[in-house]
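Below are two complexes that have subunit A in common, paired first with subunit B and then with subunit C.
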Partner chain A sequence: MRDNVLKYVLVAPAVLVVLVTAIWPLAESARLSFTVGRLNRPDSLKQYLGWDNYVWALLEEPAFWNSVWVTGIYTLLTVGLTTFLALGLAILLAPGGRLRSGVQTLLILPFAMSPALIGVSFRFMFNPEFGLFDAFFGALIPPLAQVSWLADPILAFAVCVMADVWGWIPFLTLVLIGGLVSVPRETLEAAEVDGAGPWRVFRDVTLPQLAPVLAVAVILKSIFSLKTFDQIFMLTNGGPGTATQTLSHYIYFNGMKYGQVGFAASVAWLMVIPMVFLTYAYARLVFRKDRDP
Partner chain B sequence: MAEITLRNLTKRWGDVVGVDDQSLHIRDREFLVLLGPSGCGKTTTMRMIAGLEEPTAGEIWIGDRMVNHDLPKDRDVAMVFQNYGLYPHMSIFENIAYPLRVRQVPADQIRPRVEDAARKVELTDLLDRRPRALSGGQRQRVALARAIVRTPKVFLMDEPLSNLDAKLRVTMRAELKHLSRELATTTVYVTHDQIEAMTLADRVAVMRDGIIQQLGTPDEIYNDPANLFVAGFIGSPAMNLVAGSIHGGEFVADGGTRLTQVAVNDRDAVILGVRADDIRISEPGEGRIDVPIYAFENTGDSTLLTAQWDSQRIIARGDRHLRKDQNDVVSITLNPEHLYFFDPRSGSRLRG
Partner chain C sequence: MSAGRKSRIGSLVRIVLILFAAFVMLVPIAWIFLAAFKTHVDVYQLKLFFTPTLGNFGTVFEAPFFLGVKLLNSTVVALVTVLLAIPVATMAAYSFSRFRLRGETAMLVAILATQFVPAVVIVLPFFVMFRDLGFLDTRVGLVLVNLAIVMPFAIWMIKGFIDGIPMDTEEAAMVDGSSRLQVIRNIVLPMAAPGILTAGIFCFIIAWNEFLFALILTNKHAVTLPIGLALFKAEEGDLWNLLSAAGIIIMVPMFILALVIRKYFVQGMTMGAVR
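Right, the complex of A and B next:
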């Protein structure tokens, strides 16, 4: 076989796999988002509505905006808290930091757990009857003994954030340790001799040099926070009410529980908008050729 | 302006000794070079003066203040690092201005002072650039400008020229010397390059294994080495070291050649040191001993002639117009006024 024919033959299987597993589902969901799309009425999967689903979600559906709001706050809080705490830990754990070795291994543990498992274990810990947290808070702060954590909208939201932050700190810490290691030690020592105290060395020299890595970490975590599903599903299932219903969970509910796959698909495509921006920013940061003009 | 005093300074990491109970007095406005092979403790000594390394024992005094427990920022020293340690995210101007900004120098004084420092190291046109856009030599100048932009009590320089190519190093060395005389500030300079030490220093401290072997002017270090290590370390080519013995006022090299008359008491084992410049080369029969040439090298400004007899080799510097070939025979004579004798066991110098 000629080389220029052979190369297409050899690439074909991979292209086929991508087509079947990625491109086709994407195209199909895009098509569905313009249909009535109810699972209990097979003919509705071919009934086209134009942009009606999108218009409905954006203009007529408070539950959609609730989940947008929940997802936004959730993303803001988890990204902020995770980055802040991970940066602190990374400074302590980086070579020359105060903690090391043993702690670093221990740190990997939460990251090794699946998000669904984190959801289940946090639900147990906050169980009002036999939960670990309940026992702790009850013993330490008696007024909190009777609080039912997952039944209160704000507390349940806080628990979701807490579980997510706990699960994601290790990964971000490792990324930031890598970033800190690549900051040349001589620049830090030069700043010390130049007259900067520890805080100014950090602010003026460490942080600016860490910025590219920090940006990558924040964007990655934002993407993951935006699409959080499994943990929420196991921990609160969106409740109480819709207090912890993120967009992914809202899409799942509409598509799978209510059988409105057309509408769910349109919401999913709305969610793509911020994702594309974040992914673009991420790609710009990671693949840019010239790091310092 | 200040003097520096180190008292019984020691640095250990577990069993590893970096600096071993050393005392040193550096005079006000003196340019002192710490010279030695890598791992000899010279950089550790400097880093302890800067406050980047904490001494295990001993005291560091800058001026009339013991600074052991002061942070680097409170010691009023300026340092030039081997890899320059420039801030990559700041412009050259901001790099040089940083020591002023953190020390809260009034804003209207910063620009004139930065420009003044930049002028001294000829960087005026590059102030808007980033360090990445500069060549090695230019980065070195930025590091220097950042050090001289304020008036610290002490300058510390950690092998500042070692990352430059050979040609640039010679130029920068002269500029550094000029600058140091102009500023007249106490300076500690670490290097493993003996030429830098010889050319820049008021005094040189030669270090090895955490111990100062000799402290003296470049003249003393070169012409009056205290021991075998200093003798062998200083000078290019290295001093010839010939094993032998002294009998009846005559040095006899191992192998039986009677090399020269000496004024040292008889000993069975001794090492004779003689510099290449102190050996006269002449035609066969005219000098002390006749030897075949092992290698003849022409460096342009002089010639180096390695002579071989028995198992020993000796290197002599000849006139730049001297032309010889391998295996030619020449006669060599050692200048009796510039011979050094060492105890082969302790390495210490034997005098008179």
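Right, the complex of A and C next:
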């Protein structure tokens, strides 16, 4: 077979799989978002009502805006905290050596853990009767001893953020270590010879060199934070009330529990909007890397 | 002298911080490990020292939990997903790596982008379709949907590995009269094998840990391990010792696989954006 035919034959199955498993459901979701779309009435999946679902979500549904708000704050906090702590840990671990590479190996573990299981384990740790963290924080800050963490809206939210940050620090740390190691040592030494203190070296030499890797890490983490579902479902199931109901959880609830697939699909598409921007930014970084290897 | 002392204190502080970080990372995992070997009573007493029991690992496989069925489902679904995804992804990755295709960038971006679409957007139409076709609560259905999340990773990761193989050997073999397909089979596949295996393991972990699809598309027969965690509830609350034992069964195989491919974990997750 000639190469210029073969090259398309080789790609075809993959393109087909992506079309069927990802592009088709996206398009079908878009279509559903314009229908009445009740699970218990099959004919309603073809009953079109224009932009009504979108208008309803945006204008008539405080619960939608609540989940936008929850997801926004959740994303800001988890991205900020994870990046900050991972950067610190990466700086500590980058020099290498026995202890440090041992700890790096340990970092793989939380990352191989199912997010659902992370949710379960944090619910366990914050159990008011026999949770380890509950006892620990209670001893550290006595007023917290009697608090039932997952029953309080703000504390439950804090626990969700903690679980997320715990689960993602390892991955971001490993990414940033990769970036730190590639900062040329001569540049760092030259800066030190010139009399720059450690903070100046970090700010003026390391950080600019690390910027592209940091950007990749922050964008990826933002995408994963916006999508968060598994841990929340297992940890608080959106509660208490709707205090920890992220957009994914809100969509799940409306689509599956209330059977309003049409409405859920419209919210899902509203959620795609920020994803498009982030993906665009990410794709630019990936392809710039591709052009100059 | 004071400078030397200062740097010694500095390095001590750093080691303490590193150990503290390692401790924080391990505590939730260790706590699950401890609880899995505790009796129901010991869990409720925050004990660090107790008489370990293996009983929980037996109980989870018995009625009414039947974790064995979920274990089988998880294994079959993840394995079949990987076995379908990897050959397809490898072919595409080779083509993307070695040829200029019309619309190549568009295709690669589209593949990358599907990975970032929230799973909950994809699952709604699948639920409706599977209900009509009778695919709900089947392993076949789950495999099909899992391909959506696994394919982009596989294509990008394997492409990264093939990009790293120099083209000279291939070209020399072509000059000697090998066809392109022979070159792929005899030269590229053996050289890319470790990379392909790594991508396979990576995708296996993703499919194994997948939660949302299984939650929505299964309810009895095709339930996978992560969803099975929800079983361990009784009237008096969660059965933490059994939950922990099930947790170990879920995470330990993935720990082992992740350690095998740890060098490539970052590359896999970032789809080659960070090498």
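Here, the second predicted complex is superposed on the first by the 265 of 293 C-alpha atoms of A that agree within 3 Å, B and C clash if a C-alpha of one lies under 4 Å from a C-alpha of the other, contacts with A are read in each partner's own complex, and residues count from 1 in each chain.
To be clear about the criterion, contacts are C-beta pairs under 8 Å (C-beta built on N, C-alpha and C of every residue); 3 or more make two chains touch, one makes a residue touch a chain.
For clarity, every value in this text was computed on a predicted model and none was experimentally measured.
With subunit A as the common reference for superposition, the partners subunit B and subunit C occupy compatible, non-clashing space. Once the two complexes are laid over each other on the shared chain, residue contacts for A:55 go to neither subunit B nor subunit C. Seen from the CA centre of subunit A, subunit B and subunit C lie at an angle of 80° in the overlaid model, rounded to the nearest 10. In the superposition on chain A, A:194 makes contact with subunit B only, not with subunit C. In the superposition on chain A, A:251 makes contact with subunit C only, while subunit B stays out of contact range. Of the two partner chains placed around the shared chain by superposition, neither subunit B nor subunit C is touched by A:181. Once the two complexes are overlaid on the shared chain, A:283 sits against subunit C while remaining clear of subunit B. After superposition on the shared chain, subunit A has more residues touched by C, the comparison being subunit B against subunit C. No C-alpha atom of subunit B lies closer than 5 Å to any C-alpha atom of subunit C in the overlay.
Across the interface of their complex, subunit B is touched by residues 184, 186-187, 189-197, 200, 204-205, 208-209, 211, 292-293 of subunit A. On subunit C, the positions that touch subunit A within their shared complex are 14-15, 17-18, 21-22, 24-29, 31-32, 35, 43-46, 85, 88-89, 91-92, 94-96, 98-99, 101, 105, 107, 109-114, 116-129, 144-145, 147-148, 151-152, 155, 179-181, 205, 208-209, 211-212, 215-216, 225-227, 229-230, 238, 240, 243-244, 247, 250-251, 254-255, 257-259, 262, 265-266, 269-275. Residues of subunit B touching subunit A in their complex: 50-52, 71-73, 77-79, 81-90, 98-99, 102-103, 130, 132, 146, 156.
The part of subunit A that touches subunit C in the complex is made up of residues 1, 3-4, 6-8, 10-11, 13-15, 17-18, 20-26, 28-29, 32, 39, 45, 89, 92-93, 99-100, 103, 105-118, 120-125, 127, 129-130, 132, 135, 166, 169-171, 174-175, 178-179, 213, 216-217, 220, 223, 226-227, 229-230, 233-234, 247-248, 251-252, 255-256, 261, 264-265, 268-269, 271-272, 275, 278-279, 282-283, 285-287, 289.
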